[in-house]
């Protein structure tokens, strides 16, 4: 059960790092040789953390919202696990366009040095709504989210 | 704790089976004599898995998105449990209409042969937005979701 | 693990109590001297359960939807814990305006008399969409949600 909880928190840091643009936190959820497959979602295949992080850091996002739901995590061995998550993402891009999507992650995890990390990550969408809808009334902006950064921003 | 995790994963298969139209996976989350009460949600009462599955398979959905949130699961005995979930659903129908809803599931679970299944399921909505909004930019279509099917689609 | 599960269910009652307007359930998730900080979200700082509950009960909501996602809960001692949650809220106000928001809770919890409660709660938004959108097709209305009230509304 501790491994399951560690993997759920790993994925929580993945989402929190991405939406608060805490790249140090985000980068650390992946193994060095992670493979990220965005091809079914209309994107590319990334080999290795450096290649994927160059892509992630280059995204022209004003603000992103990512939610994970309904994890199905299975331990395959003491150091290997799989995970299925449903997710929702809602992104505001620098050019004013927005997309609101719904889909699934299929993932594997590896444990090394006592830490679980994402080893492979594959994404697909059930549906995407895309548009130039009215701008949101409020956007925190990624530069104002330092209070969400770090290992545990709730710690007093 | 293992029972709680099994019930959470049971409900995850419920959602994944429904949205990927993996009817074999979906059907197997219910007991044979399941009672599904959709009356508060404006629907019918279904007695037995066969009756409910005939209804579910007949839904004229192009694509559905269902998310579960915030489970409150309690073990009543070694073979009985209850669950409260909040949920969100977002459905695209064959006639072009769409509904986006928010509500709760009230459920009971039964364990037999080492497996938990849904024994009763009751649904209610806090709110439903319904419309003929702009069609989504991308819809996977239920025929293209085979990669989400089966007991563990994340397994390499 | 039992403590983590108790804290997750505590937060589930927080959301369920708020959306079904079960104020007895809602009030009981807070310590008497809870501090609720809504300043980053454009609101006020509330000291003590009575002060915060006066604010909460006075909200002019026709209906609210609150979802919690991706908990990161850490036990600091046998009676202290921290939690990070992402959330989504969708509110319909008596004047017809609506807001749909996405953000995070940063919280601490205290255990006393065998029960965990929220000790501090801080809220921030990534994004808020606000408008006078078309009224929803269906709104349960807070007076029709008695079936969601109480410690365990799923109990037969």
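Each chain carries a letter (A, B and C) given by its place in the written order, and its residues are counted from 1.
Convention: contacts are C-beta pairs under 8 Å (C-beta built on N, C-alpha and C of every residue); 3 or more make two chains touch, one makes a residue touch a chain.
Because the structure is predicted, anything quoted here is derived from the model rather than measured.
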Problem set entry | Arrangement of touching chains [line / ring / star / complete / other] | complete
Problem set entry | Copies subunit C and subunit B - interface residue numbers shared by over half, same or different | different
Seminar exercise, completed: In whole angstrom, the CA-centroid distance of subunit B from subunit C equals 25
Exercise. When you check subunit B against every other chain, which residues touch at least two of them?
Worked result: 1, 67, 69
Seminar exercise, completed: Note: in the complex, subunit B contacts subunit C through residues 1, 4, 40, 42, 67, 69-72, 74, 76, 82-84, 86, 88, 99, 101-104, 106-108, 120, 124-131
Exercise. Which bits of subunit C are touching subunit B when the two form their complex?
Worked result: 1-2, 5, 8-9, 11-13, 15-16, 19, 63-65, 67-69, 90, 92, 134, 136-140, 145, 147-148, 152-156
